[in-house]
Amino acid sequence: MYSFRNDYSEGAHQNILNALQESNLEQCEGYGEDIYTQKAVEILKQKIGRQDIFIHFIPGGTQTNLITISSFLRPHEAAIGANSAHINVHETGAIEATGHKVLTIETSDGKIRPEQIKAVLESHPDEHMVKPKLVYISDSTEIGTIYNKQELKNISDFCKENNLLLFLDGARLGSALCSEGNDLTLLDLSKLTDAFYIGGTKNGALIGEALVINNQSLEEDFRYFMKQKGALLAKGKILGIQFLELFKDDLFFDLAKHANNMSSILRNEIAALGFEFLTASPSNQIFPIFPNSTIKELEKKYLFNVWGKETENTSSIRLVTSWATKKEAVNEFIADLKRL
Amino acid sequence: MYSFRNDYSEGAHQNILNALQESNLEQCEGYGEDIYTQKAVEILKQKIGRQDIFIHFIPGGTQTNLITISSFLRPHEAAIGANSAHINVHETGAIEATGHKVLTIETSDGKIRPEQIKAVLESHPDEHMVKPKLVYISDSTEIGTIYNKQELKNISDFCKENNLLLFLDGARLGSALCSEGNDLTLLDLSKLTDAFYIGGTKNGALIGEALVINNQSLEEDFRYFMKQKGALLAKGKILGIQFLELFKDDLFFDLAKHANNMSSILRNEIAALGFEFLTASPSNQIFPIFPNSTIKELEKKYLFNVWGKETENTSSIRLVTSWATKKEAVNEFIADLKRL
Amino acid sequence: MYSFRNDYSEGAHQNILNALQESNLEQCEGYGEDIYTQKAVEILKQKIGRQDIFIHFIPGGTQTNLITISSFLRPHEAAIGANSAHINVHETGAIEATGHKVLTIETSDGKIRPEQIKAVLESHPDEHMVKPKLVYISDSTEIGTIYNKQELKNISDFCKENNLLLFLDGARLGSALCSEGNDLTLLDLSKLTDAFYIGGTKNGALIGEALVINNQSLEEDFRYFMKQKGALLAKGKILGIQFLELFKDDLFFDLAKHANNMSSILRNEIAALGFEFLTASPSNQIFPIFPNSTIKELEKKYLFNVWGKETENTSSIRLVTSWATKKEAVNEFIADLKRL
Amino acid sequence: MYSFRNDYSEGAHQNILNALQESNLEQCEGYGEDIYTQKAVEILKQKIGRQDIFIHFIPGGTQTNLITISSFLRPHEAAIGANSAHINVHETGAIEATGHKVLTIETSDGKIRPEQIKAVLESHPDEHMVKPKLVYISDSTEIGTIYNKQELKNISDFCKENNLLLFLDGARLGSALCSEGNDLTLLDLSKLTDAFYIGGTKNGALIGEALVINNQSLEEDFRYFMKQKGALLAKGKILGIQFLELFKDDLFFDLAKHANNMSSILRNEIAALGFEFLTASPSNQIFPIFPNSTIKELEKKYLFNVWGKETENTSSIRLVTSWATKKEAVNEFIADLKRL
């Protein structure tokens, strides 16, 4: 069985394992105060193109979201996200567990728009309701779509005008930034958001997300929150080492491009066979719609998630490619599909 | 500079790195449902000697403590620990952040006794106060002392009689179990506590603690709590792989013995030179008392923490050894001390 | 200006003030352990018709909801309610502030149905999501509709079959139980729900809600939660005294009937004038739809909330009657409306 | 049985009941936006002598403490209080339930001193520990002692120099301000603290505490926190009416003086009989030490709390007087004591 189920089935890129090996017996400071973490921060600042930002490495995405959001908000303030937002659906109420409501916006493409945020503000006028304060978006979104620069700027402008914070979940940011149609850069993200994170786990690292705080007022005491939620690893250097490897030679982008290339082949070939897609997603997640009988056959050789029932006889499935996806597997999948 | 500051300065034992390398490109289930994690659970059950227990791998110690305690307690219930307890002092209020008070017991050797727990219960008689419900102990303690079987049994019996849960923090359990004077086994711990954890981070793993839940009623929905607090790693297999390596050939104990051997040399040689110790600690942390001038000289070549002022001219320091401590460094430290 | 804005504009029924006066200088136990509270509990048990239940008096509705729900749920469990539910919209995220997500069901009449709850359960299958555990309903609902016995039984049966708790918010239960079409009794509520509360504040008391816990396993340590959230009043007797007055001679129901009579007059006369309503609500809240010009005129003499825009030229308004609503005011409102 | 157990056994001063009666059927705005609450705020500002402060009426003391402290602190910040502090001992972990640790200072007279606060700061240097941020004191304290102006100024100065907030719990502030030896005024409290509250419940009101926020930056969105914790009463006017009565003619101080006069008689007569006291408390709580046999006899006619065992044959008891304490009861108690 070959898995297209997600982008975290394998371990880490070989460069990362090599770097862990090479530094292994070196004595380092604990809790992210080591030299590797410092270097990783410096390189990321260079790649982003700003020095006046703050970078923290956090083991996983749910931790990053809950630490960031709970440290940015006062107790009565709420986050706003798409109904499909990871924090709303797939984190076991992690944000609510820190005391904050997640207000949701209905969206079919995973993206939210300023007028929808405006409607949320208008329906929360006074102290009998939570105070919407932070907008949470993902790039790429849960269903593989991406924001372009104008869309992100529109949200960013609206947030600034309305005293809202903007936080971007970049669990799959690598794939988003390397997608066809993307015109955003790391520097754009840094200027347009208050904070965003660069996902390592789903793009070649064993663990690790790099949180970038662009708004100095939100940085105060941030390491306290990381410690309180258990995100300051004693051997914090293993996060620094990984991000150093991912960014010192643009490995991060190379890996994302590979993932996207693999999904492009799948997308193009599937489309050429006449199948439709749930949504147009240029990144490493695609959602073709197949007859149920075809899906049943594919499941004999491949692992993937059935996303939803579309018609009586068809369903959408999710295919995810990654830095580690083998071209042979992609070709074989297409060949099998043609045969079916 | 050679560091005796802690037991997490280096990376992981080579076997672990090798195992990560070998399994690297294998596709595995995410979130701890992979085959390595399953095998690690099986081997740990064998080593403990029970099948009716539940084992979860969690990235770090603070996370393990906060997830465990907050999942075991109802909102009005409190934990009881030593005043020096890690959850009381060194976790940035992680337990309180989940809503629970930590009630403390004054102790000079880091250990608590049933009569002290009894006093806490007696001073919390009604609903105007929190309800003490869980006793938190560490083995080895924050100052390197260990519990023997009778002491642990006394606490365990008292807890059972008084409807209290007993949770043992084993961040340094390897060293404790391999210490001179220890008569506890993993099976004893499993029978005498409701839950305990076996620390990997401080005994040769990159990250990872193995939580053992011995009381079936506390297991219900435990993975929900792990996910909500961000402890279900997407690539959960890296935890399983590490514990598999640590326990399949007793590497865990070999590493702990090495750490203890190194601290024994330090302890014996320092004692032979006529110095005293803050407390008698048989494990991998020792607290000798030196003249301040001596400390000043040692600090030129070695990293360690000054623990406290003892007299006008002397202070206690903390020396920590680990699986990775080099015998040459220990010998050099002693030689330098003799010279001073 | 006469207010139809809500049912808490005035103070308390005169009997309650008299009882407070009469008992004023009597020395009583504090924190709800006084003789009046005991008597009120006894009378309520008689009125409900069960002795095996537990009753607590809590100052307000938001407190009652947050204490009850947070004491019933474990940290990963969520409440389910209508999108218009008071806990979802009008309590400033009080439930989330205790750590729990509120999952919502879209409904136009304020009521929820078993198949909707089923859909929530089906979309929350595993530990990556919260675990739905408690169903929250209100009777009467936020828009004045009421549940009949069969509807409540259907929900109750579904909850029992699916291991869900059922909690009914009775802030306006008096009006609901005295509404035309109601066939529920206090005994029915006690048998069909795990807990419900009988609202005093909106039916003639100064403050106070009577929480009835029907499920013994949920009662354990309940007073601890009340104290922790600040709901154990030092002079708890003032809650007992009020509920004693409200229930010793069925004053509670007499007051609710008056409120309903006043809304019936409004409803019938408004309907006779040919106006439509947002929804058919038999209780003390009605939502007629008027031309905006009419609303503008009415606002010169009356206080009420404009509920929503219905067409270009019409809006719905909310009229609320209470135990204290004067018949003359109702008649005058109708006369004014006829004139307009 | 006559009770000296506490100062909340009776109801409210007659003026308050009269005012509730007179205003009873007047329609008022809900949630503290009524005219009585506005007037009470104005009068309190006059009595305090400042206009640039913010006043909120909250039903009870535990609610006031938990709302205030949790709204002032960020998630990693802790409160500092005496080991005997109400928030530390007698509020069922209410502060921890909002996520914050309470750091304690050992004190035998219930008061804390700057050098003790300094020691707490020094032992909390980094992000592995909570960040001490707010100092909580009570006047009078849990054991009836009071702060004088210099003592409070010393704490206030220290807090300002160290970027700490100062919050004073005034559950028994009336008695404190009217005690012999007091040289503090409401204006002093306003200038020396960031917030304090004036207790109504224990000085003649049915319920209600008046929170005074002196630091404008702490006022932002305060009503949101009140609502979220259930402290915005629908009939908020009953709090305003009570404080209006208490302060429009200095009734508040007259009632406190009566309570103090009653405790003075007890104190002086008991001292004249040669008994000692646990501590010198000038306010309405005194702690005489009696032979156990005497206590046993007194318990046949009087209700009071036995505070602690002092010697083999003697114990301290707590006698509390109030605005409602009858002089005859005091005299009778003394007569009985003399007889014994």
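Details
Labels for the chains are A, B, C and D, by order of writing; each one numbers its residues from 1.
Keep in mind that, in the parts below, a residue touches a chain if its C-beta (ideal position, glycine included) is under 8 Å from a C-beta of that chain, and two chains touch if they have at least 3 such contacts.
Given the structure is predicted, the values throughout are model-derived calculations rather than measurements.
Here A-C and C-D are compared, and the pair linked by more C-beta contacts is C-D. Among the other chains, C has the CA centre that is most remote from the centre of chain B.
If you average the Cα atoms of chain B and of chain C, the two centres end up 50 Å apart. Taking each chain's centre as the average of its CA atoms, chain A and chain C sit 43 Å apart.
Chain C and chain D have Cα centroids lying 34 Å from one another.
Taken residue by residue, chain D touches two or more other chains at 75-76, 91-93, 97-99, 127-128, 130, 224, 227-228, 232, whereas all remaining positions touch fewer. By the touch criterion given at the top, residues 31, 70-71, 74-76, 98-99, 127-128, 130-131, 221, 223-228, 232 of chain C touch chain B in their complex. Partner chain A is touched in their complex by these residues of chain C: 75-76, 78, 89-93, 96-102, 127-130. Remark: chain B residues 2-3, 6, 8-12, 14, 17, 20-21, 23-30, 59-64, 66, 91-94, 97, 201-202, 206-207, 224, 227-235, 237-238, 324 touch chain A in the complex.
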